[in-house]
């Protein structure tokens, strides 16, 4: 049984708390949030108490934390939780600064605690099944990975300004997916980008439309395309080409209803956004954390994965500035 | 808040109990089952108590029952629960005898209690959405309904013998769907059937493969095809043709993974059977019951619906015996 | 090399003449039509001559005929062509009267000439491939066949009046498909029908919406649904269920373009009608006739097939009148 | 009426000759080929004569040429045909050297003759329809284009050596598609590539797996992925994302047959290669050439298009060598 303190009572926090409540091997003891009303609402719903960070981490019965607060608080909480010996479930990104990420990883390593970084897409049943079949050799050696990842609508510019930029905020999920599907670390990253949707995003110094190409040491190639807007909903697809064939995983829809009329044959748009699309993934992600932690097994996605995705995001940002492919050191793929 | 006693702790009972546990407006107080071990296992999991029928129905705090026990016990429990003033959620069929069904309906009417009959498919998100769009007039007036309903594998012959026959046991769901989609009562039923899968089913006097055609007073037509075996899983599709187009709702799959290789392009088989396919439908069905009962709204599927489906099943059985289309009295469609 | 006389220069005649022109082993010598202008237009386009029936059949160099004139002329032309020793390609139906069909078959048999009846759907690449895979045993023994066949719009009532009725005019194609896919002769036919689209069709004594169920001696079942109107185009699908799985063949579309927008994900409607959908089938049908005739091989669909489809259509019409399933004698399936 | 001389009697030449034969407004007079047997076989089949280049171009009745000979002969033939005043249909590429291409365009311009360059994919019904709908504004302003173009199997290394490299030989089609779909000229090209399939291709100094990213002056982005091997057939898809939605066009299959069995639900692989996939496109391409030339209308794809695709291929090759995005001058899009 894991006893949790949860940091953050916002949208993602609510999801994790609900999944904790449905878990047979976990319970939520404390909720910590800068907004007392949010904290109380969530804690009240699940029979938890609102406390401050020190109390939460100081309780010896608490053996795990969920860090789902704002990004700028992640690193301090990771370090504090690690020092307090808690198992850590940290929403992505660990931090927007590689230096601070490294400090987190060092603290986690020193404390010997497990840390899962919230790359929820790895737990999506379709992506997970594609990955499993890939690893069985169903399509032979991987040659090319193509990732389509498009949000339904751009975030407010106020958010864009503190987001770390599209690569660190949005593409970071796709960098993780690319590494996971390639089964190798990219050694070269090229990125192109534009602001085609909202001029205020350009004024804030960011892009809203990007394309990335990456290459691994053995020559495998990966492409990512991102947009902050897809009129038809959340477009989340992966495509892997191997020596013996191709595996795809596509979008999910609310229903299977199909209309044929005088104009066309039409079906549902994809599910609207990540809360709908990845509802099951969030549940399975938390289960995986609880199971691995209680059974002392390796975590399926860890701090090193969080770090590597950030390394790729930084390389992409640099490539965008310089118009060059950025080389990265060859590195053994661990995940 | 509804406080439930549940009769039946088997496979379907377990589903309803789990859905009750997740409901904010309902709780399970008692479990009753002929098998004490099953009753205790289910009751223990959800903090309920194992009692006998008299105790369960005698408790004034219990205001609703779920009847998920074997079919032969339904009618007595419905009548007893009605007399005790409980709201009733009864698994289909109410009974295999129309006379006993009528006795149930009379008792329910006399007691003035709500009764939902468990035609779970009406709550499947895809079928419900198709029905909603049909009612908005998206395809104009309904002309033809085609229902495909095929189980992955036949039940044991021991079950076949007490099932009331394929029409009353299996097709009854499709008769309900046909009525619901037609929006009119059939006045003519023709059925053809064979035993193509398991000769023991023929020895038991039943069919395993049937086709039905029905017609309403205004001339709308419906077709049902059933098989007790579909090698590829649970095949559950509906197709409605109207003056302005066609609406379909198809099967669900575990994932969206698609493989293209030297042989073909392939995707997942449909979900295996009703527990997988209708998991969401069972949850929504119970929610609908709780909501309608607590808010004193009409139930979306009631005892009269249960009765009419049985009337059609009996007509089909008679048609199979006689080789004639069986006429039914014209009747106003109420549901 | 086959030298053809063609009877009929209408819509279907034009298709056959064009396919003849593209064939390496066939040439069109004569065109015969009651309308001299039509005959001349077609003959002129392909370098043929307009003559009368006697001249066409009297020419010894003519060794094959295409009968694509109006239905009421088919039987006389078949008999005359047979007596003249020509190979016969006859559009469906041979005749609307079974008695006259039998006279045709007798004449053909006596003359020892080959006769193909124009059930073009058997030559559709998708249906032909489904049939081929069925015969390889891919889904085991056939259990149920489901045929959907819906026209985009009803014909003029003037045509309906001379058509022989929906079963003889439209469903006859589906009766042939059902026999071909079942691989057995039906021994029982039930039909229900309505007039839901055009009241003038009802005034003409015909239906525009029908459903049929058939059964073979070994218990295989088949369903046909027909409508004279499908707002989304020509709906032509078959579905065969066997012991080991299911084979479907669906509609064809003009393009593969898919639009995802704020409303839905939509693709092309099916091709509009038989001229579009079965363009390839008509070509392959004529090739099959030329090849079988010149190489003295058995025809893939012959006069007996034309007769049996009419027998089923008559049984359906009788079932519609009587409300009973009509029994047919058990018969060895030859095709 | 156009009277053609055709240069080249190989695989592509045979397609063009067959399409000429079926055209009402064109006829083939001469065939020229270095291989006399091939020339004679093709000429004989369509009633043409085998002659040498001088004779073919010297005949005043010849008013159009098809250049479908080996790539290294294209430029000389274009220049000679232009000087002889013939309308020119030239297979892609015009030449592998930009300098020689410019000489060709100059000769064509000076002679005032029309020249179509054989980018057959623009005539594929699905791609053409997608383009048409794009231009109607169905998805608003174009933002991103994604092109998947993968061959079933690599060519022999002997061919690779004289092909000009993967970008000039294979990707050149996709460069043309990208320009056409973007409706703007790229000003920046980045390419990454590997040899993952056949080491002999690497020894020949070429790639077999490439990814390209391009950007236009207004910031639109395009991605191309290519492979010389796709185990499942010829993978030819385009995807265009705009402000209001997404348009896709996918692969074609031989049939619509779908099998559901105990393992999966499977459909046909895509058509095998370009001869199958683009059979209709080749026919429509030739029709467009004949129609535009006889009616003195602008050609839908011309020498400038051939040149620009080569410019992009050269930029990609340079990007691959240097690891940098290659800048191109801003240019008005003409096609």
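Letters A, B, C and D name the chains as they come in the text, with residue numbers starting at 1 for each one.
Note that contacts are C-beta pairs under 8 Å (C-beta built on N, C-alpha and C of every residue); 3 or more make two chains touch, one makes a residue touch a chain.
All values reported here derive from a predicted model rather than from experimental measurement.
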*Chain separated most widely from subunit D, comparing mean CA positions*: B
*Give the chain pair, either A-D or A-C, that is connected by more C-beta contacts.*
A-D
*asked:* What's the distance between the Cα centroids of subunit A and subunit C, rounded to whole Å?
replied: 58
_subunit A and subunit D: spacing of chain centres that average the CA atoms, whole Å_ = 41
*On subunit C, where are the residues touching two or more other chains?*
139, 230-232, 235, 244-246, 259-262
_Using the touch definition from the top, list the residues of subunit A that touch subunit D in their complex._
139, 141, 143-144, 146, 148, 150, 188, 190, 192-197, 209-215, 219-223, 225, 227, 229-232, 235, 241, 243-246, 323-325, 327
_subunit A contact footprint on subunit C (complex, rising order)_ = 230-233, 235, 259-270
_Complex interface listing, subunit D residues touching subunit C_ = 22, 125-126, 129-130, 133, 138-139, 244-252, 254-262
